[in-house]
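See below for the structure under consideration.
Per-chain residue numbering starts at 1, and chain names A, B, C and D are given in the order in which the chains are listed.
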Amino acid sequence: MDYVYGPGRNHLFVPGPVNIPEQVLRAMNRNNEDYRSPAIPAMTKVLLEDVKKIFKTTTGTPFLIPTTGTGAWESALTNTLSPGDRIVSFLIGQFSLLWIDQQQRLNFNVDVVESEWGRGADLDILESKLASDTAHTIKAICIVHNETATGVTNNLATVRKILDAYQHPALLLVDGVSSICALDFRMDEWGVDVALTGSQKALSLPTGLGIVLASAKALEASKTAKSVRVFFDWNDYLKFYKLGTYWPYTPSIQLLYGLRAALDLIFEEGLDNVILRHNRLGTATRLAVEAWGLKNCTQKEEWYSDTVTAVVVPPYIDSSEIVKRAWKRYNLSLGLGLNKVAGKVFRIGHLGHLNELQLLGCLAGVEMILKDVGYPVKLGSGVAAASAYLQNNIPLIPSRI
Amino acid sequence: MDYVYGPGRNHLFVPGPVNIPEQVLRAMNRNNEDYRSPAIPAMTKVLLEDVKKIFKTTTGTPFLIPTTGTGAWESALTNTLSPGDRIVSFLIGQFSLLWIDQQQRLNFNVDVVESEWGRGADLDILESKLASDTAHTIKAICIVHNETATGVTNNLATVRKILDAYQHPALLLVDGVSSICALDFRMDEWGVDVALTGSQKALSLPTGLGIVLASAKALEASKTAKSVRVFFDWNDYLKFYKLGTYWPYTPSIQLLYGLRAALDLIFEEGLDNVILRHNRLGTATRLAVEAWGLKNCTQKEEWYSDTVTAVVVPPYIDSSEIVKRAWKRYNLSLGLGLNKVAGKVFRIGHLGHLNELQLLGCLAGVEMILKDVGYPVKLGSGVAAASAYLQNNIPLIPSRI
Amino acid sequence: MDYVYGPGRNHLFVPGPVNIPEQVLRAMNRNNEDYRSPAIPAMTKVLLEDVKKIFKTTTGTPFLIPTTGTGAWESALTNTLSPGDRIVSFLIGQFSLLWIDQQQRLNFNVDVVESEWGRGADLDILESKLASDTAHTIKAICIVHNETATGVTNNLATVRKILDAYQHPALLLVDGVSSICALDFRMDEWGVDVALTGSQKALSLPTGLGIVLASAKALEASKTAKSVRVFFDWNDYLKFYKLGTYWPYTPSIQLLYGLRAALDLIFEEGLDNVILRHNRLGTATRLAVEAWGLKNCTQKEEWYSDTVTAVVVPPYIDSSEIVKRAWKRYNLSLGLGLNKVAGKVFRIGHLGHLNELQLLGCLAGVEMILKDVGYPVKLGSGVAAASAYLQNNIPLIPSRI
Amino acid sequence: MDYVYGPGRNHLFVPGPVNIPEQVLRAMNRNNEDYRSPAIPAMTKVLLEDVKKIFKTTTGTPFLIPTTGTGAWESALTNTLSPGDRIVSFLIGQFSLLWIDQQQRLNFNVDVVESEWGRGADLDILESKLASDTAHTIKAICIVHNETATGVTNNLATVRKILDAYQHPALLLVDGVSSICALDFRMDEWGVDVALTGSQKALSLPTGLGIVLASAKALEASKTAKSVRVFFDWNDYLKFYKLGTYWPYTPSIQLLYGLRAALDLIFEEGLDNVILRHNRLGTATRLAVEAWGLKNCTQKEEWYSDTVTAVVVPPYIDSSEIVKRAWKRYNLSLGLGLNKVAGKVFRIGHLGHLNELQLLGCLAGVEMILKDVGYPVKLGSGVAAASAYLQNNIPLIPSRI
């Protein structure tokens, strides 16, 4: 595969798929197995329990679906809703847009609440909609926890608070694709009814597992939801859970072992330490952006994302040139601006199996690229700002103390 | 993972997932990559062309969907049909049963043609149905090429002949999950409209890719098909094909490189040599079964399957004991009897990356197990019968001549 | 690497290098590390303790030398002996011959005791030599535990008995290359002074580690031994053992992790179970050879080897044709006859990570090859004889009961 | 292996063992093979030819010895010299010291020319020694091309010029362990008689191959050299080269395939581009050191090493604290100061499969560590200096233009 060869490691800073730990690559480097032997169900049983921990739920029911995030979305919607159901959905960037597109094509009655790209979900509008919905026509609220296209994190605790304030029974469906395992996510505490992520994001696995957690209320809803579904039907899983064989169709043996290894690493580091690490990486990135004199696409601090930063470039620069140049000259992979912000932002993904020195290498690279494309950056300025913060905040590695 | 440890290699003879070649494991042993870089689309473009070869089509349009065979089924159906459409579907074993279950849940009007398990699709009934359907109410014929549960191969050339004889415009949708890349499959010649397989079968990859090929007629049908679909919608792919970026959502980087390696191995051996090898493996297995004095679940030679053999055990033996014992004592994985033939048959999968000596090791193991469970087999008899045939038929390995 | 491609797995039945377990391949699939960090010494410390267990010694001092068996031989000799020293050495096949060649080139005074190839060391001659050596001019006895070229196992307990009977202080240096971890080897009980093996034999690793164990007496001898040595000097290791850094030069990080995994597997199976498994594999092979009407190169049962069987072919057959054909037609790797037995024997290696069904596949292959080259074997006969024995003797896999 | 776990990648900047490319890891991720089959000799034949290219020799004879650099040294010496031979050897750091220790223990008459650590070989003394040696009592000149302990590169062209000026027939034996494949090395042009390296250095493989190239003159010398040698005897290799089987003892199958992949990568990048890349990495590192206000251990520019930089710390800092802290807090592996410079320098290895952004991440890490240990560094200063240079000098990646 000569096409992509470059000396040294590729610096992978797209917001997914992200770097896979060597331990996980090793765990997946294996032949197929009979998934009907006693081994795979025994392994699956423990995996299902452990997956709940990264969603911070004890009451949710997990589904490991051989699909992508898009499929996980479809699973969340079709199992809980019926065609024509009214749902409130927040459009704040490309990925929430795509989810809304799916919601519409699945024939829900989507009440779209749009924000300017770079801003979070407009929760005031949510409040007013709920306030006026005394008949409870709204069946579900659909929201991304973290919009990967703009680097905006929504406040789910507030969403729950509003729902509770109005004692509104709408289901809360959350896309946690670029948040779960990196940002603080509290399924039970926030009363999330369906939460989902994809394996290639903060879990640092290959693409291929859509991980969906359903609350008891969501499971109850699935009994009456009339959306047509077969491949994504939770019921097929539940039937096999009862049998103790777990799999309605052939799982990827490799991804199961990979998930096992990925969870082991997360538990060894400690989920809360993982979240703190992402906060360090996010903060350091934002300090660098500031030092470069550039703007964060995210308009307010309350929405800052610790997993991805979208950097706004001056109007005289095409951000896609930055991404191209990163790949062609520095073996660095950055995220493109998408749709409305195409050409206007580039994105630095800082999630998953990643540490501070990797990030500083990336930031040093971005500085050179900015200079390449004519932006008058002071080389070293971003790295200096980031490392001043990091040098005060990086903890010792516990296993090495 | 102590649970499954046993000395030496596991002998994997379930009809999927099957043994992965070392070359493919190596190709997949890699970090994630940015799928939006120029490299992945360039690779995908060639893969899509090459995938057509294993379906023997030059006119089909391929879709590589991050899903399993069950998802591939759903893709075939929902893209070409509308709720209420009448389809003729053949029930001859567990997997055709599951597909029919899906067809019914997707709200098609399924005209089920059932055969005794162990027999092929009843094409006489197909003929009479077509003959009487002058109004062309039948929109599609759904048929498995090879029923994995019973080891029965249907004759697709005959299906096409019958359709042509009545100039019937019904779509021909074929499940080639346990056939394509192992049995002779001729999409264009047989006028198949949708053909599909899964990566973990004869392609010898991990689970995770549903590979679906659509004829021009099927693509045309997709423009008016009213089944609700998003994740499985061909149109999303076609849009990205035109853009030259190919992927509507994140593919598994590892499976793409794995598919590349798998196709390279198949082309190096020669697809027709691969098919001949499967014929040798199937014939040898059947000769062994005969020598043991046991019956093949497949009732007639015309339906014999070269990818899986279901062996009928005497009534005083529970075939699931054979499967358990194989795993517990011999590190051998055999296929269970499913549903109607549970307890009555065990299955030997002989597909994918497999050679004759591997099969003979399996057959020697089955002989010992048969003795373990009280069947008066003459040890060595099956191996003798199989190797008498193989010794006359195995070719020299071309690269070593 | 097209040159070696063949469908399915290569059946590796040479007596080294042998099949590597998937678990070990995984453990070795890793980047380099700084061997001066705290991690590698911590790991090495435990490895050195654990390596002693497979030699059944509590008092020996282990050396893990980045070399092959030939280097391990040199380490054993040069650390304990001085040029001109008289040693008694047994020539019973190609590998003992090569060791003797090394002994002579290292300027020892080698008293060669030759046996016909196919027979064990002549211990009567040893006895008479010791009896007459009241002046203790013999400084060492050099003997292979298992001669890989002929499949002959020497009785080391008897060697010790004879030495003790004459209270002779000669060092006992043992080549355990094709025995340790497969045959019962008791360093302490048998008073072995230097024992050695190579990683690519029964330990089932890649080539690259010569593992040498020295008794207290051998270490004492090393203080006065005048043979010139640097790379192989035990003293360099001992110096670093004291420092707790362990490595006088850069070790292979991969082989250390591989050794860790290999030992873990052996301990999980249980060393004595590993030895029993090899006895089953050896017995089964010999029964097959007998059923084929062929002779074992090993002339007496007392010398039968459980790790390799050299099979004598009729004079009208060239055994190297069998080996060629095995590779070219059946993807089976057998051992050639070497030197005096070239063309006359072929060898079946049955050591390392291997189970009974793998062996039966090999035996079925050998039968077909014998027929290919014109030997009137009854197909299935060897497999039948072997499996009749195995079916009575294979235990359940403990982790699966 | 919890002991070493840390989030994200380990940043490996010791001057060996170095980072292994993913492509090489993949190539080595394989089972053993019969090395006596036709495949391995065919592969070896080409490898031996290709290895000559990285030494820039067309006339040398290569030996791939299963050993480390220390063993390669021993091979160079014992094959060309006899005990008592007078050799001139340069002591300029820990690794030349160790080689001299070996030379003395092998009983050569070593004429040691010592330089202050941080300075290159004193070639004036060489000149005076050769001038006075009209009787040609000096049999060999032993010199390291690059002293790994101090980051000093000797000028081999000058050594050759001096030898030629005096028409002195002494052999020129060169340790190229931390130079070959990274620094410009010209075996034929410089009349080097034995050159050697180890696989874990700039070739970016695991430890385990000592690669030794002998000139025709060296081979001639080996015919009369009286040093005792067996494992390291070139003659054993030459015998098997003639037979076309190549291996006197079992090679590591994995390292052969790894070497194949490593050479393929080097040839794809272009050896001269590899050398230029190392020059960029070395220059950038030195600029950073200067910007930090620290001294390079190497005293003059003419000796600057492009593979390793030894950085002198102020007297109030213990450099080993820097190395410890790097590992414990930043997952960064730096090289310790050894022997005379222990505590006084730390080393940054910048050789092998490495690119500029990886280096900048390391430099950013070093800055934070320097601050941690109380050195008043300006954060970002080194990165700024390095990247100002790099931004002007990094070429586009050819395969991506």
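Everything below uses one rule, namely that a residue touches a chain if its C-beta (ideal position, glycine included) is under 8 Å from a C-beta of that chain, and two chains touch if they have at least 3 such contacts.
Each chain and its UniProt protein: A, B, C, D = alanine--glyoxylate transaminase.
The structure displayed is predicted, hence computed values, not measured ones.
Engineer: Stepping chain to touching chain, what's the minimum from chain A to chain D?
Structural biologist: 1
Engineer: From the centre of chain A, which chain's CA centre is farthest?
Structural biologist: C
Engineer: Between chain A and chain B, what's the gap in Å when you average each chain's C-alpha atoms?
Structural biologist: Distance between chain centres, rounded to whole Å: 34 Å.
Engineer: How many angstrom lie between the centres of chain A and chain C, each centre taken as the mean Cα position?
Structural biologist: 53
Engineer: Give me the residue numbers in chain C that touch at least two other chains, ranges are fine.
Structural biologist: Where chain C meets two or more other chains at a single residue, that happens at 3-4, 19, 25, 29-31, 38, 327, 400.
Engineer: Would you mind writing out the residues of chain A in touch with chain D in their complex?
Structural biologist: For chain A paired with chain D, touching residues are 2-9, 11, 19, 23, 29, 265, 268-269, 274, 277, 327-332, 353-362, 364-365, 367-368, 371-372, 378-381, 383-385, 387-388, 390-391, 394-397, 399-401.
Engineer: For a test of understanding, state which residues of chain B touch chain D in their complex under the given definition.
Structural biologist: 22, 25-27, 29-31, 38, 400
Engineer: Residue numbers of chain C touching chain D in their complex, please.
Structural biologist: Chain C reaches chain D through residues 1, 3-4, 10, 12, 14, 16-20, 25, 28-39, 42-43, 66-71, 74, 83, 102, 105-107, 198, 200, 206-208, 227-228, 230-233, 248-255, 257, 260, 327, 333, 336.
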